[in-house]
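These are the structures, in structure tokens.
Both complexes below contain subunit A, partnered by subunit B and then by subunit C.
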Partner chain A sequence: MSDLQLEIKTLIIDALGLEDMAAEDIAADLTLFGEGLGLDSVDALELGLAIQKRFGIKIDAEAKDTRKHFANVASLAAFVSSQQTA
Partner chain B sequence: MACLGSWPGQHGRLVRLVDAGQQPDVSALPAMQRRRLSRLARMAFHVAWPLAEARPQLPMVFASRHGETPRTLGILTDLAHNEPLSPTQFSLSVHNAIIGLWSIQRGDHSEMTALAGAGDGLENAVLEACGLLHDGAPAVLLVIAEEAPPELYAPFIDDVPFPYAVGLLLTLGDDWQLQLNRGDGASSEWPHALNLVRALCSDQPTLQHHWKSRQWTWSRNEA
Partner chain C sequence: MNWLPLEHLLLEAHTGRAVTADLDHPQLRQHALQLAAELQNRGVKRLALYLDDASDLAIALLAAWRAGITVLLPGDAQPQTRQRMSTQCDLWLDSVNGLLSAGSAALPPAALNLDQCQLTLCTSGSSGEAKLIDKSLRQLANEVTALEQLWGKQLGSATILGSVATQHIFGLLFRVLWPLCAGRVFLRRAQPFPEDLQRESLACGTDFVWVASPALLKRMGNNLDWNALRAVRQVFSSGGALPSETAAELQNLLGQWPTEIYGSSETGGIAWRQGGELWTPFAGVELGQNSEGALHLTSPYLPAGHREQTADAVELQADGRFALRGRLDRIIKLEEKRISLPMLEQALSSHEWLSDARLGVVQEGRAYLGALVALSPAGLHALRNQGRKTVTETLRRHLAGHCEAIALPRRWRLLAQLPYNNQGKLAQATVEALLAEPRPTQVEPLSAVEQDGEWQLQLIVPLDLAHFTGHFPQTPVLPGVVQVDWAQQLARSLIKDLPPRFSGMEVLKFQQLVRPGDPLQLSLRFDASRGKLYFAFRNGEAPCSSGRILLGPAQ
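Our next item is the complex of A and B:
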């Protein structure tokens, strides 16, 4: 697990108030929304905001790839690093 | 309404509770569902849950004069600092958010109402509940809940000595009467909903509450 993935897992837990959950409970390939972790549309907005604040990047909610980037922790980490180096 | 024998009766000494930031236990709910419940919501759920057991369809009247003052202040503070607003906080900032969460988590689509009724919110909520009963509801869940105001608001809120929640399950019957007259009098020092609980748990035959020029009289009918 990369440091960035761990940071994103902790961010998800803190920003979304996931009581009783630890970073190791969220596998990097666990689906975040709907199935898997079971997050909903309000969580999507909240997580988007938290990611933008923490990593200083812009997320276009309308872009068609955004949904793919938010699929799981691994895809989010890949997205964040690509934006930071961009 | 069930009363615990150990509760102080009419002549019991009143104890002002200390708010040490405790959170009511709502562990009956899965963690994913608990996470959006503020303390006010947890208090409301905590008193309401046992009353709703075995009643999957239960209309509800929720009354809170001040609502979620800590959340409101948090959102306003973010606004004042030009910070983006938390979508979660914003979505929960309306007065009927708690009954919305209740409805979702219980899968109950019954009619539910959230009121903020000045100093006689309890009586107005009872009036609303009676309307639902006479409309055919077999029972109505009534929840009165107040959260301790944040320090900034404290000088303006003098009727919440500590956070509290009262849950009542109302059905049609002849046990009690509630009457509204024009009249002045001192409003009680103790949260009025708690006075009602004490009256219900004792033999106290009547109870009066004043707000503005409204005089509410509760009286127990002779058996």
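Our next item is the complex of A and C:
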């Protein structure tokens, strides 16, 4: 598990109040929304804000399908590092 | 704009009148009349619609009404809901594609009957059962007409975009029925994310209007192009109150106040406001209060002569406006989703691991539910042998079949019994205060008796000690260090003048594991001449641990 993935897992747990959940319980490829971790649409909005704030990045409102990056921790980590180097 | 009354939408074809970017009125009318024929052929009497696409919903609604079919809009598409609906409806439609073919037969155009065309909305009722609310086409027509009179000029020919589903009254009226009658183009899909709402807004090439939820408006983020978004003609928000700071921030960013609509599935729109605290009733809405101060009303959007009682406490002003003062029952809103706490508690308590359950709202970052639960003997067994996480995960899964994900409790407090007062009541404020507290680390003795300088205490190990999470996840065991700490803490609360400084321990023995819910007897004796606190924990006859804690004067 990369440091960035670990940081994102911890951010998810803290920002969304997931009791009894530890970083190692969230596999990098676990689906975050709906099935899998079972997060809802408000979590999606909260997580969007939390990710932008924590990593100092902006979700590009011009690009389509940016929310696809929120599928799982691995895709989120890839998205964050691409935005940080962009 | 060229207003078409709701009941005349299938009468004549209006060439050149757009409905969505890729559907015009003649096509809409043709599809609806064809679908009406198809539904009639199939003998459908009651139809459940769960359509993501607002233009499909428009077609299906008009078709059903034209064919004399009652329409039901389920609040969600959970398996339980679908199953329940299967007894009430002949057909559940997720899509209209399979039912429409190019050259198929159509019913002849006709005006819709305002009193015979019916729509049934679903929401959570106070009894816990899903509540069905019948609306006649007349009620809906009155409401869209009033909306157009109030804001039609302001909206002009703007395109209507929304973040909210059309399954509920707000989305249905504002995203579908009102624009259909007004001849405004609407976007087919809901846009639940800020980036998507921005992109679609700026792409529509004309003015635009937002029909949004507070959940979204509270979380728009600073990655948006607010300068470009200032072109928005009007922002409608409903489903729950917008926090005043959010309204003020939007005013600052967009140069206009959002328009909030107060109402419910039962009542339709009651009032609106643009900034400030006070709500202005819609024309023809007559307000009053019952003896508890809860609002009731008659309205052109209700059946004639019907007075609807709400559970919202209000303060009526002399000028006819009013302020909302909270709800008087146990139906709550989480991010605009109405949730019946009694229903969920009932569902939760039906699990064999629980004997009782109460729910409350936890406000940390986002609002979510917390559950205060009393474990049954089977539940205690599960906790002791499988750990807390297995228990809470199992209960969450059990509930998942009964509610939407948003209502699943995220915080759990496990108790032996719920703290009812002498009158057998447990106030909601108490539930929420207990949920807000961290999990316990200490224990309260049930009794403490002294004889000849030795104290005897009765304790029950709390089920939900914070220490159990890591010690150990699947088999919670009271750590030895916590036992020593408890002995010292409790001794200090009972025995006067104990020397303040901990300076060591002697002959510590741990003989038997102590687990959640164990009844313990703790004996404490302080030998002042040696500065030694003797402690021993027993569970019935079995010694659990014992030792001496050395205490000395402050250094």
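One rule holds for everything that comes next: the second predicted complex is superposed on the first by the 82 of 86 C-alpha atoms of A that agree within 3 Å, B and C clash if a C-alpha of one lies under 4 Å from a C-alpha of the other, contacts with A are read in each partner's own complex, and residues count from 1 in each chain.
What we mean here is this: contacts are C-beta pairs under 8 Å (C-beta built on N, C-alpha and C of every residue); 3 or more make two chains touch, one makes a residue touch a chain.
As the structure is a computational prediction, the values presented were derived from the model and not from experiment.
Visitor: Applying the touch criterion given at the start, work out whether A:G38 contacts subunit B, subunit C, both or neither, answering first, second, both or neither.
Guide: Touch partners of A:G38: subunit B and subunit C.
Visitor: So, does A:D60 touch the first partner subunit B, the second partner subunit C, both, or neither?
Guide: second
Visitor: Share the list of subunit A residues that count as touching for subunit B in one structure and for subunit C in the other.
Guide: Comparing the two interfaces on subunit A, one with subunit B and one with subunit C, the shared residues are 16-20, 38, 42-43, 45-46, 49.
Visitor: Contact residues on subunit B for subunit A in the complex?
Guide: Subunit B residues touching subunit A: 31-32, 34-36, 84, 86-88, 91.
Visitor: Note which residues of subunit A are touching subunit C in the complex, please.
Guide: 15-20, 34, 38-46, 48-49, 52, 58-64, 66-67
Visitor: Which residues of subunit C touch subunit A once you look at their complex with the stated criterion?
Guide: 192-196, 198-199, 215-216, 219, 221-225, 335, 362, 364-366, 368, 388-389, 392-393, 400, 404-406, 408, 410-412, 469
Visitor: For the complex, give me every residue of subunit A touching subunit B.
Guide: 16-21, 38, 42-43, 45-46, 49, 53
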